[in-house]
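Next come two complexes built around chain A: one with chain B, the other with chain C.
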Partner chain A sequence: MGDVHELPRPRIAIFFLAQYIGQPVCFVGRVEKIHPTGKLFVLSDGEGKHTTVELSEPLDEEISGVLEVVGRVTNQATIMCMSYVQFREDKSPFDLELYNEALKIIHEFPEYFPFG
Partner chain B sequence: SPSLPQAIMQGENISKPVLQVINTRAIATGNGPPRYRVLMSDGVNTLSSFMLATQLNTLVEEERLSAQCICQINRYIVNSLKDGRRVVILMDLNVLKTADQVGGNIGNPVPYNEGQGQQRSSVPAANPAPSKPQQQNGNLSGAGPAAPKYHAPSNQFGKASVPSSVKTPGGSQAKVVPIASLNPYQSKWTICARVTQKGQIRTWSNSRGEGKLFSVELVDESGEIRATAFNDQADKFFPLIELNKVYYFTKGNLKTANKQYTAVKNDYEITFTNETSVVPCDDAQHLPSVQFEFVSISDLENTPKDSIVDVIGICKSYEDVTKITVKANNREVSKRNVHLMDTSGKLVTATLWGNEAEQFDGSRQPVVAIKGARVSDFGGRSLSVLSSSTVVINPDSPEAFKLRGWYEFDSEGQLLECASISDVRGGPASGANTNWKTLFEAKSENLGQGDKADYFSCVGTIVHLRKENCMYQACPSQDCNKKVIDQQNGLYRCEKCDREFPNFKYRMMLLVTIADCLEYQWVTCFQESAEFILGQNATFLGELKEKNEQAFEEVFQNANFNTYEFRIRVKLETYNDESRIKATALDVKPVNYREYSKRLIASIRRNAQLG
Partner chain C sequence: GGYTQSPGGFGSPAGTQAEKKQRIRSQNIVPCTVSQLLAAEQVDETFRIRDVEISQVTIMGIIRHAEKAPTNILYKVDDMTAAPMDVRQWVDTDEAGGENVVVPPGTYVKVAGHLRSFQNKKSLVAFKIMPLENMNEFTTHILEIVNAHMILRKNLMAGSRAPQSFPTGLGDAGGYGGGGSLPVNGLTAHQSQVLNLIKNCPVPEGMSLQELKLQLHNMSMSTIKQAVEFLSSEGHIYSTVDDDHYKSTDAE
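Now for the complex of A and B:
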């Protein structure tokens, strides 16, 4: 599934998960819970909804705060994570709610925000 | 004692009678809300001349008021029709027991015969039975003789209804018609209406002459209409007509409404003539009072500019009244900014004008409701009160009480750090409110081309900086920045201070070009702004320029293509017969992306709405 990084991966919120099953996406959310095995964690989006992110290899570091995950949406509407980036919130906090608002606009006006 | 229905019919003031509903019937009214006619009983008689005021319609629609329920009438009025029949309008009632709790008709009531009117049923006349309260679930009091069969046409109180007669003070019977029925083909009419808006007297003077006028908006149960009084009538009626009071208005001209000037929903509008009479009406609780449709202050951020809205808020603070001169006609007008906050935690600045500005008393943080304020994009979003707006201080309405309760008792209320959507800060250097524009808007709106300078804020990217002549040698005195003349003898002369100095200080005057998505603009940046953009202070830059050209160049290269928030002053300047718009950067700051995003999102949504 390395091809995920070659394809366009739209930014989505949990609301859109169902429409993107099987497709590569980019999801930004806040870490809520990490499974003890380190292969699963739960992220919340700007509207407070939750989704599960799965990994092929367990985490090798602590993650917390806001994360950007690139991966593919599974049939169960979870995300199979290919790579992630932690947002550094020491400089300034990331406004997840505002991000969600921006996502709504991006999806509402696809003619101005084409995905690839 | 007489029967309850009879007593009500005859105009006695029964306090809070308790009656049972036997039946309800909906009456179509064309394109208005349905009217419900109710057959009521006091256990002995029924009377069907009861109509429900439209504000109580939901009781029937939600089936709280239905056949067999028992209710207590809190407020009612009696209207007499021109044929002498009377109708009771129920304005306010409580359902004491719902139909299923009662289970059936109490007693065996028979229709009450009023004794006058067309159809009489053959029932013996007044048979005064003692008022024995029927001890059942409710207390139905009053017994009495039979009632006439009340025969009513089906659209009794519809829009095109039979007018009801009302005795005006002075004894003459006038036909009161609903506002909705007014049309230019009827010259003799009387309406009973509440003044929901009263404008100021406006005068005009043009080639055709001069005159004065004022306008009011009138409301009754059937609708609303605008009325204007000119010249003599303006003088006559302006002191008589008061906002929120109810009057009988008789005889005026009806003409097609000029929808440009008003948002009132009526195809026609009234012009008072010298035959018009305006008489106060006492019995007026049935008329709707000023109707508001409040928009929450935080929603104003998404409201397109120039919309007309109603708002309500606590006046958290207010400024002093100031007088400004209107350029157009050199008139002085009073103005006052007040700051309103509601439960959304947002603060908006509303501008009052004229008398309202002068008389405004914001002490003790009153609740202020404004109907018909105009939304402007000044400083983000602010409100302007128009001559057609209505401002009510501490209105007697549930929203006002809720607001005051929240503000005083809910700990949130007073401590809430309200964010102003009108961007009123405690005094930025320029003293003006933040007014976000894109460079394109600044140019297309011709900012700076008036007599005075204009100020605006924008987000822009530096695309060019002029290295040459970016600084000058200035007088080293503390508060003097005048350019000094190099005397070529190691001394520098300042004309303003009238002194010579052995040194000078470098002062920046940097010309940069900033651009956004549509436009670019040359802006002059002085000391603080320039130092911020270049990331170095003037003295150090002066040294670099003299000693290390390359390092000096690098500073400029690094400064290029950075994006900042600029506060800009634009003004038309004339120099040797040539006029040019000059822009100066008063302040340069890093972009606050959160606020910028919010503005963009709001702007996108606004533009999307405009289609």
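Now for the complex of A and C:
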């Protein structure tokens, strides 16, 4: 898995990417496109913005729906993925827009939701 | 006053005396981040996050690791705010099946438990671990964390400014018997506000519901009535001339 999983990984939306260059982050988004090589995919956040997620090894499975990616923000403001998890949506769809709104709140009140 | 029972057993084999003390002190179950728990300061048996006392907490995160031992299951639960936290669930060796099922890594769970510290390492002793079926609960949880900690802190600040009604620290004599009074006294923000007003009312027949509604602009009458009902059933207040007037049971 790698060392980032022992560090705080702020939950961010695409709006925040530029502020976290080089840092470990946690990004939740919906799968929009997967590159044929399987080493790149595009996720959208709750505001409909898109970001590219890169993998060091190609995907070995189908991915779809909402993904939670743990990784580092690259200099190009893409995300270098260390691990990902699919959010289950078998019982209820995940409200990504609401999640985005929640992110704004936790970033506004870091004293009540500290990362690290 | 009474206190609400925590759901489920405590699970920890720690002495019952310590458990009883904890039960009286913090009846709130506070949603927290792992980072908050790791930063909590411990004084004797008490933990505080930015001066707010906590004991029973809930966290939500993903299971990174699960290890089964004869008497307990040790999980590592990760909510991204820090390194994964150790969560121990004691297995009831008398019962077959049920409790002994290990939740697999990669599952998002809600954990309810008690914060512990041993040799400066924090962990949780869980009395309930529930896999999340609806990930929107996770969004709600992160909002509840901000809300709960903000309200608890505001209660604390309000308490320290009010004369004598609330204690200003550990060991102060307060309105509650046994164990000493504490800033987080098991009441919600609404209940605390209502109780405070009733306590400070100098009128012999006490405070009326109408008067409470006038003073508490942000609360609906039904919320006020609910608070009054709870406070009355717990013994904090009693009705006087009629069911609309209440006085505090604490002598001021």
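Before moving on, here are some points about what is shown:
Throughout what follows, the second predicted complex is superposed on the first by the 115 of 116 C-alpha atoms of A that agree within 3 Å, B and C clash if a C-alpha of one lies under 4 Å from a C-alpha of the other, contacts with A are read in each partner's own complex, and residues count from 1 in each chain.
The definition used in the following text is that a contact is a pair of C-beta atoms (placed from the backbone, for glycine too) under 8 Å apart; a residue touches a chain by one contact, two chains touch by 3 or more.
Bear in mind that the values here come from a model prediction, so they are computed numbers and not experimental data.
With the two structures aligned on chain A, chain B clashes with chain C. Chain A has more of its residues touched by C than by the other of chain B and chain C. Touch criterion met: A:L98 reaches chain B and chain C at once. After overlaying the two complexes on the shared chain, residue contacts for A:E6 are found with chain C alone; chain B is out of touch.
Among the options 434-442, 470-478, 488-496 or 542-550, the segment of chain B that ends up inside chain C in the superposed model is 434-442.
Common to the chain B-facing and chain C-facing surfaces of chain A are residues 95, 98, 102, 105, 109.
On the side of chain C, the complex with chain A involves touching residues 33, 35-36, 39, 50, 62, 64, 78, 80-84, 106, 108, 132-136, 139, 142-143, 145-146, 149-150, 153.
Looking at the complex, you find that chain A touches chain B at residues 95, 98, 101-102, 105, 108-109. Within the complex formed with chain C, the residues of chain A that make contact are 1, 5-11, 26, 66, 70, 85, 87-89, 91-92, 94-95, 98-99, 102, 105-106, 109, 111-116.
If you check the complex, the residues on chain B that touch chain A are 594, 597-598, 601, 604-605, 608.
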